[in-house]
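One chain, subunit A, appears in both complexes that follow, with subunit B as partner in the first and subunit C in the second.
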Partner chain A sequence: MDSVFVHRGSETAILGSGRLQGLRVALQPNLSVAGWPTDAGSRALADFKALEDATIVGRLRQAGACLCGSTRMSEFGFGLENSQAGEALRTKTADLELVLDLMGESRLAAARAGVCGLKPSYGLLSRLGLVGLVPSMECCGLLAADVARIRDTLQAIAGKDDLDFSLPDEEPSDLAPRAIEPRRTTLGLVGEAQGTLSAERDKAFRAAVGKLAAAGFAIKRLSMPDFPLFSLVHRIVGSVEASSCAGRYDSVRYGRRVPGARNWNEMYLTARGAAFGSHLKSYLLSGAFFQFERYQAFENACRIRARLLSEMRRLTAQVDALVSPAVGPVDLGAPPSLAETYAGFASTLFANVTGQPALVLPAADVAIQLVGARRGDGLLLALGERLLGIVKGGS
Partner chain B sequence: MRFSQRVFCGRLTANDVGQKVLLAGWVDAFRDHGGLLFVHLRDRSGIVQIVFSPEVASADVCQRAASLRSEYCIAVGGAVRARLPGTENPHIETSGIEVFVTELTVLAESDALPFAVSSKGMVAGAVSSGADNVAEELRLQYRYLDIRRPSMRDNLVARHRIFQCVREFLDSRGFVEVETPVLTASTPEGARDYLVPSRVHPKSFYALPQSPQLFKQLLMVGGMERYFQLARCFRDEDLRPNRQPEFTQLDIEASFIDEEFLYELLEELTVKMFAIGNIAVPRPFPRMTYAEAMDTTGSDRPDLRFGLRFVDVTDVFARTNYAIFRQILQRGGCIKGINVKGQSDKLSKNVLQNEYAKEIVPSFGAKGMTWMRAEGGKLESNIVQFFGPEELALLRRRFDVADGDVLLMIADPSYAVVTSALGQLRLHLANRLGLIPADSFRPVWITEFPLFEATEEGGVTSSHHPFTAPDRTDFDPKNVEELLKLRSRAYDLVMNGEELGGGSIRINKRDLQRKIFTALGLTEEDIKARFGFFLRAFDFGAPPHGGLALGMDRTVSMILQTPSIREVIAFPKNRSAACPLTGAPSTVKREQLAELGLLDLGGSVVLPGTAEKQDRVDRLSWLSRIGVAAEERALVEAVLDESGQLARLAGERAGQEQPVYSVAPVANRTRPGTEAKRSPLAASGQLLKSAPALKGSYYKVVSILD
Partner chain C sequence: MEFEAVIGLEIHVELNCPTKMFCDCPNRYGDEPNANTCPTCLWFPGAAPRLSEVALEKAALLCLGLGAELQPTSVFDQKVYYYPDLPKGFQLSQAHLPLSRGGGIEIADETGKPKRLRIHHIHMEEDVAKLVHEMEGRVPISLVDFNRAGAPLVEIVTEPDFRSPHHAMEFLKALRTQVRYVGSSECSMENGTMRVDANISVRPRGTSQMNTKVEVKNMNSVRHVGDAIAYEFARQRAAVEAGEAVVLHTRLWDPDKKATLPMRAKFEGPCVPDPSVPVIALSREWIEAMRSRLPEMPAARAERFVAQHGLSADEATFLSADPDVARYFEALVGEGIAPRMALHWLGTQLLPAVKERGQELAATKVPAPRLAVLLKLLARDEINANVARKVLGAMFDSDDAPEAIVEAGGYRQVSDAKELDLLIDKVMVEKKLTAADLQGGQGKAMGFLIGQVMQASGGKANPKKIRELLAKKLGTA
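On to the complex of A and B.
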């Protein structure tokens, strides 16, 4: 078996022609490609083959992209355990990867692989045909060696989808390239978002910021005392949504049955018990706990989310983008606990809670994350393109 | 108005024409013909048409009559008249007459009805609506309205007639009805007891009787000689469609009698009861041993309304070359079959192979089925080439084969598998091929049941109950093989494949009873603890006795040919053992539990079942229907502990903001300009492609507990 891919597409299967002509795109088995195994990394969808293309997959094909395969992923894309995201780029078997971003998976995979990774604004990409887990926070991330390729792809796949009823009716964002004038551009540094970096990384991050200042960008220091609450909100809201989302995997329409059940209830109990891995199962049961036994906690988390959103809007309004390090323990060893998983994504998950676009750029020793205002993906990509040269340059 | 002068609606006849009468009842239906108002007035006896005419009734009566609605309870006075020729209504008992009202009293008004009570059209040829399509749950919730409907009323009256018939008949035979207690101790019937807590004796419980078994035997010891009771019994069993948690059984016990006495008594009684439903049951009832019933029908309650008896063909294939049969016979198995006479045009090769052999018979528990069709003087099948001419010739003789016949055979190393699967196949075929004649009633006594059944631990357990007399008394209570060969003096009365009742001759000698307990592996202490008071009675000269119990709900339902036994019970429980009318069973106040001493039961003694609810992992696992394996519990426990802390933290840090559930809310609606349409994937059946178990265009799931 292939160590990176679970399924390989045919190199010649290019349908349309357009701006992505010949671009080799790897995706994950949670995005429907007609006829491809689409188990989202879970036994709950074992043997499931997608019946039709996801909206964004169809758009990729029309633009001339070549679907080169789907890569190994964690169960429903939660965390990066057993995930090979980014590897297809690193091994140059793909030019662009689509990786589901629930809490920063696509961005940390990009950092791991030394490539650029964008989690677009929430609501920019159709989720029709995506096997998701946390509907209010998830979005497909785009990984590529350079920002231009991400922009081109995003332009091809973003936008309205009449069939995705969860997509807000917003006008399309302007994704066109634009010039960045450093002297008229302010970058914000949120103290609390930097977390606790190792001395080496802290030095690397300071050096990167120093280069940006030297290039003429204005640096503004900001503070957000509530920043640590992002993890709390994500964990409560995320687990509740996941527990509710996973309710559809009942071994009736797909998945596998555990034989011997004497009635419906037993059938669900045994099939679902066998379907979910322990890590995800603990997440789902934690969500059930909030739903059925501490519902107030869910509402409280949504209240805090409202506060975090408005604080973040206030900060973002003062600058053109926030700059922070993107670091996570991307260890492929023993399965972490939920707390460890969340700790690993502490630097990225806030953008999932707020729905802001977040772009990770590879840089020496520490990856740099740029976060813009929601729906400001065009500006963010332009900034990224400009910054990439600067932060990479001196290393 | 004086009710003492009231006459019954349904009893009025043409002889009453010209009489002034006083009627009372309910407005079944009404029809307004511009000033002339026709009303169907219904009481328990039936319906009569009453007419409010301005030419006969005062303006005041006509005005009040105009406000009558369905199911108003009214009393009227008026004169009986013959209907004009051509206006008779054949739907009702009083088709040729009507009553012209002069007095009207509205006794009580009615709200709008949850379902139509009326089932009789007001004019000849009208289609009666009826409540037949009303959801049963709704009928049970408003059972008092349901009982106003003639069909329910007739059922309850017929039930009463049958019960009267039982009482009169048994009284004439010297039987005495004695009531036995409903609050009693647990009896050894084997099903779960309904328990009733005692307030006077805290933490002690009465059990509701599963049957009056012990009491009726004690009445025999008490010298009552012939006892019966229409007894209410209670069993907390798993739910099944035609079963009620409380049910009525005719309980009979008599002394100084043998099986023949009871057979004669019950046959006579059965004939009389069924006669009330205009059903003639032929006597004497045939008898069949348990062994024969299993051997030829695969059931201990055989439906004898049709043939399809099993034929054993094990010996026919004793030296067969057909590998599957040979291997089964080498393992001590057997082969039985059914000849479905003259049905080969309905049982094509395709049906036999793809439906029966591949799907239906495996679902009955057998591994497969062998079929042969007789055509043109030959047996044909997909495997007929494996058999020699002698085998086929012998098979033809054994099954008495003619062209058009279909032979179905099941072979298995286990006798139980062969008879059980073939028995289910027999019923399936009879239903599918329409071989069950309507209005046919075929009783049979099943006798000579095994006294014991083998347990998994290598011992024996009573097939019936431990007081049933064995066919012989000289057995060795330690010899399991011998014990399993013993027959009991028990008998079941079976009608059309349903067990109406059963009973046995009991043990009346204490030595024999002791021997049976020894065979069951019970110690002296066990015996004393479970049956002490009962066995003590047998130390005082117990007479030989025996009896039987008949399920009356099922019997009445069969006589009246209703689709379920709930149709013959005034206030039944629904399929989930609840009463939609009263809401029973319901929770009770804490104070009531405290008074009964039930609140602190969880302290020193854990209440059964409550432990699971107290364990949050079990509770959440159940709520989410996600099984948690033993090795995962510690992880889940830790995560839930952590979740509790997070919930607390969220409580501390939550402000006054309105909760936000999405950063870019959408109205969950169909977008303008788009319309709902069926997915082509659904139409092509593709949508079901990934289901783990499919049958045709349906998902296959496990059975529903019903």
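On to the complex of A and C.
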């Protein structure tokens, strides 16, 4: 076992004959591949092997992709602690990675590895076979060295799944490449979304925006005073969903029991106590606290989420995409607290709350994040392709 | 001070769908434990619930059959609690936005006056697994059977409109009839396809205060519901009269002790919206399509039976209580059998015979067209009622036509005057009866004679004809 992969695929023969012929795809052990260990990075699922392929895994195979392995991930994909996301690309052992994006993990892993990372629109990818944690916010992100590869893969795996009723009943998104005319394209800068950048990064981001303006893009400055509420809403709603989602890990049907429990209640407590790491535990406890003790706060968070969604929709409608810096969590050298984790994803998690597509592009000193209207993934990818050449040049 | 009971019911009805609510596993009892399970109803990692269309339709028909208003938008929530009968730490139920609101049932109260009992709402819910507690040597173990986990249920929550055990029992009977009518469930408390909890409180009669209620569970028949409510009302009234406070708790009905006993409260968790099951949006067209699938409901059908067939209200209610019985009756009438004869034979002969043989009316060996042939022989006096009953019995064991059974048994009615005259004379001689005997005694001897002649004929004599002949003999014709 190496430091990046927890499981290596043994497939050498290339199945199918689709558009992804020979593409080496690395995924995470939270996406079901029949027969592969699928523990989602948690002791709660130690030794669990997937029974069937996830829908999007089946589609990858159909398109001729080669599943080269699953990479080390944080527990249930929450945060980037111990995650090796992006490393298979950086070490060139894979051509594309699928990484769960709960609050920006896939995008910030891309920034970290110096590659492109897309979190597609919510509802674009089937969730069947995904061992998730926050169903209403998470989505598999796609990482690759260039945007075209992300688009090819997305075209192969996106769309309706008769086995996943949670996908909205919508027309398929138009993901085809399209020409971008800078002079007819407006990019929005939401002041509050830029957070507090170091002087160096601030300078880099300004420089990047300057290049875009020089290339002819119209830059529109926007404001959303409620932007800081995204973190709060994500933290409350996300932790409540996580608490519900983790309820099934009770060691009754699978998972490990701790010997010595005198009754089922003790069995639950000891099994769950041994199964989850402390970081996830604090998240689950936070969710249980809002469920059982502060339900009103949860209801308020749901209401605020709806309001944030419509405010964001209004802002996004004025431009072709929003541009902001994507700044990853600072490595503190110690396991982060919940607050520190949330602070680390402050620049990305709003797209999880709203379900908008978000694309991170590598650039010198600071990664650039583009966020489009929901289901505007096609336009966003085209924009990304165009912008990448402009901003990548360095300062 | 006089007290009255304030009662509301919460009724779980198991829908008779072929599959479970969120997967394709069979919704069936009696199979090997855990035979009917899959990654979805065991909530394996990566599983996704898929709401069954049939379950939604059956639930919707049930709501419409009870006069409830289907809501354009309803949503599943997670009822969170941790117990081994739940495979995921929450139960999918509709706590905030239920499938329907309103509706109700009109019953006859103790004095026969109509009383409407309102339904607050009806929501969908999945059933939980069954726990079996056993001993393995000296170690207590709990076994979980997930066959029932995810079975489709609806919960009917009434308004606290009930004031007596009678109200509750009549409501449940009518509810069962109506739900059977729409075909959504058998609603058998004995078989567990209908489970009833009652919320009971007391207050001074005539006031409108709402006092602390006690929930009573574990009643296994409609009768038990009545008994449990009566007991609980008396218990609370005695407590209040003694100056004790009624505290909020749950009690179990013990049918042997005929008493309610307090139980340890099950932990009630919060209900949070479920992000995995999509919102249920019902279009007006869909609701109308469901409405058009509703059969004629029992009250309407009974009214029609009275108007169309000249039956009494009680007779019509009896016939329309069970949709199969009503269908059978209409089929008989459709075959040309007089309504009253159809009612009589169905009620007193066929139904008991079907029940005795453990058959279902809808699939009995004697369907309406076959019985109609027999009844026509009777109506034409070709056989008498005695014989008809005998032939009916034989029809359950044979596929032969009723006529063939009549011929084979030599059952055809004897109406021939000469033959009957001979029989009458023979009996009168044997029993030493005179004409004078027959004229006196208020017809007692007459009845005796007819019985004897019938017997002598092997049950084949036409009693009407005997009467005629006797009248002639005695000169009373």
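Operating definition for what follows: the second predicted complex is superposed on the first by the 388 of 395 C-alpha atoms of A that agree within 3 Å, B and C clash if a C-alpha of one lies under 4 Å from a C-alpha of the other, contacts with A are read in each partner's own complex, and residues count from 1 in each chain.
What we mean here is this: a residue touches a chain if its C-beta (ideal position, glycine included) is under 8 Å from a C-beta of that chain, and two chains touch if they have at least 3 such contacts.
Every value quoted in this text rests on a predicted model; they were computed, and no experiment measured them.
In the superposition on chain A, contact is made by A:Tyr268 with both subunit B and subunit C. In the superposition on chain A, A:Leu229 makes contact with subunit B only, while subunit C stays out of contact range.
Of the two partner chains placed around the shared chain by superposition, subunit C is the only one that A:Gly129 touches, whereas subunit B remains out of contact.
Looking at the shared chain after the overlay, A:Glu87 reaches neither subunit B nor subunit C. In the superposition on chain A, A:Leu285 contacts subunit B only, with no contact to subunit C.
Looking at the superposition, the partner that touches the larger set of subunit A residues, subunit B or subunit C, turns out to be B. By the touch criterion stated above, A:Glu385 is placed in contact with neither subunit B nor subunit C. In the superposition on chain A, contact of A:Asp152 is made with neither subunit B nor subunit C.
Look at A:Ser166: by the touch rule set out above, it reaches both subunit B and subunit C. When both complexes are overlaid on chain A, the residue A:Ala54 reaches subunit C alone and has no touch with subunit B.
Once both structures are placed on chain A, subunit A residues 48, 51-52, 136, 165-166, 168, 247, 250, 252-254, 264, 268, 292, 302 are touched by subunit B and, in the other complex, by subunit C. Residues 616-617, 620-629, 632, 635-636, 638-640, 642-644, 646-647, 649-651, 653-666, 668-671, 674, 681, 686-693, 699, 701-705 of subunit B touch subunit A in their complex. On the subunit C side of its complex with subunit A, the touching residues are 39, 42-51, 78, 80, 82-84, 86-90, 142, 144, 269-270, 272-278. Subunit A makes touch with subunit B in their complex at residues 47-49, 51-52, 122-123, 136, 162, 165-170, 226, 229, 232-233, 235-236, 239, 243, 247, 250-257, 261-270, 272-274, 276, 278, 281-286, 288-290, 292-294, 296-297, 299-307, 309-310, 337-339, 354-355, 374.
In the complex of the two chains, the subunit A residues touching subunit C come out as 32, 38, 40, 45, 48, 50-52, 54, 127-131, 135-136, 163-166, 168, 240-241, 244, 246-248, 250, 252-254, 264, 268, 291-292, 295, 298, 302.
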